[in-house]
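In what follows, structures are represented as structure tokens.
Two complexes follow with chain A in common, the first pairing it with chain B and the second with chain C.
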Partner chain A sequence: MPSPTYTLIASNTLSTSAASVTFSSIPSTYTDLVLRCSFVDAGATGVQPMGAGTYGLRITGVSGTTSQRFIRGNGSAASSSSISGLYMADINGTGSTFTSVEIYIPSYTASQNKPISSFSAAEANATTAYISAVAALYQNTSAISSFSLDLLGDSFAVGSSFFLYGLKNS
Partner chain B sequence: MSRPTKVVVNCETGVQEVIELTDAEIAELEAAAAKAAEDAAAAEAEAQAKAAEKEAIAAKLGLTKEELLKLLS
Partner chain C sequence: MPATYEPIATTTLSSTATSITFNNIPGTYTDLRLVFIPIGSASMNVDMRFNNDSTTLYSNTVIYGDGSAANSSRAVSQSRIRLTDYVNVSSTPTLHIIDIFSYAGSTNKTCLIEQSMDNNGSGIVARYVGLYRSTSAITRIDLLNLVSTNFAVGTTATLYGILKA
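Now for the complex of A and B:
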């Protein structure tokens, strides 16, 4: 029987709002990591498309130089920019419509800098919705064994869900 | 007012904990949010300066800003 190549490592669906979600003690037995999450901002900040000053969903809890480039469309305009930090998705208001994100972390145990990418859709059941793609770089040659996600001061609402998968190439 | 919390999922044991943020973690979040607000203000000021520059160019050419934008689109 073939061994599974796409395995759920851990997950959490929030039963109370939280400022951040941390995955710790990530096993080093996989080749790549995939994080899929669906979240709503429980804070008051509201719309936070990625860009100068309005940063969105970010990965924290890792030490090293981080940067990213993104492209975004909102139905009427396209934009592209870069900011420092691992900002992976736009936030589109604080209503009840969830933003969905997939973050891919290849070769997370390799002794090399880590390219991290994401694809997200931030719908808000309103006029403006965002769809974004991010190419980020985490400059640290140590294996990733833990990381956190936050909304830069706002909180994830109840019902936000986070699924961490491990991928094996054999 | 209750302190903000974080959820920690231990991937090895499966144990999930809800932990209050430390003072240092709250300070880090506040500092990052303040930096974001500063950056937003700077970005807004830059955008306004660019818009004013475009209007000045349009005025030199005897065009409205809308006419200039139409020309450039």
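Now for the complex of A and C:
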């Protein structure tokens, strides 16, 4: 039986709302990390696009320069912009459905800056919805052993779920 | 018995190189996933070729954004699938995740390519769909840097096999 290469490290499904979710003591035994989330922003209404200081799912709790750029479709047009910080996804607020996002963090223990990728969908059967892809950069050559997720002061609603997987290349 | 998601081969460059090759890919999986993180020191085009086939059987369509505008383009009858053309900066890795579907089947081969390159003020985010109009099984993948600059030390590439059952 081959050893597993795609392993669940930790998960968290919220039974009470929370302002942030933290993954700590991440083992260094994997090559890449994959984070899959399904969440609702309890402080927002409807679907909202990620924007500096307004809305968005954001990686926090890391030290170093962070930046990103993204491409977004809203059902009628595509656009691109950039934000300082690790903004990963648009959000669905209360009354909408959950936002789904996958975040890929390769070579998280390598002594080099870390490129980060995400792909998310905030669909609500409404006139506005978003699908976005993000390219981000975390400039720190230290291994990532912990990080948090937040919603810029809003809370994750009950039922929001977070799954962190480790991926081995051998 | 192969696992559902299994590493087939991995490469981390300890010296510079103009290409990375995965050869003798077994046909025992359903799909392939290639995680490729090139590092460069100057302008660099990154291309992908299957089965060492340089005929014009490749095409791709891309949607991309540079942080200020979104665009889409297409290339047809190419001798390779262009993964990216950009000015890369030393120590800033770029992430490519490439899914190659039904690579061992007898139909034309499609792939989805995710490119993430941010350099804190410049860069690109892109999603490609690629087509290789060959009914032969893919047994070899070459990642090529077709300009004079090499892939730098620390460049990594890992090929995974994904099994449907």
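Here are a few things to note about the model shown:
Definition applied: the second predicted complex is superposed on the first by the 158 of 170 C-alpha atoms of A that agree within 3 Å, B and C clash if a C-alpha of one lies under 4 Å from a C-alpha of the other, contacts with A are read in each partner's own complex, and residues count from 1 in each chain.
Just so we're on the same page, contacts are C-beta pairs under 8 Å (C-beta built on N, C-alpha and C of every residue); 3 or more make two chains touch, one makes a residue touch a chain.
Every value quoted in this text rests on a predicted model; they were computed, and no experiment measured them.
By the touch criterion defined above, A:Ile71 lies against chain C but remains apart from chain B after alignment on the C-alpha atoms of chain A.
Contacts of A:Thr16 after superposition: chain B is touched, whereas chain C is not reached. Touched residues of chain A, counted separately for chain B and chain C, are more numerous for C. When the two complexes are overlaid on their common chain A, residue A:Ile116 makes contact with chain C while staying clear of chain B. In the superposed model, A:Gly51 lies in contact with chain B only, and not with chain C.
Look at A:Pro106: by the touch rule set out above, it reaches chain C but stays clear of chain B. Residue ranges of chain C in contact with chain A, taken from their complex: 1-7, 10, 35, 37, 39, 63-70, 72, 91-95, 97, 114-121, 123-127, 154, 156, 158, 160. Per the touch definition, chain A reaches chain C in the complex via residues 1-2, 4-6, 31-32, 65, 67-72, 78-82, 104, 106-107, 110, 112-117, 119, 133-137, 139, 167-170. Across the complex, chain A meets chain B through its residues 9-12, 14, 16-27, 51-55, 148, 150, 152-153, 155, 162, 164.
Within the complex formed with chain A, the residues of chain B that make contact are 4-14, 16, 18, 21, 29-30, 32-33, 36-44.
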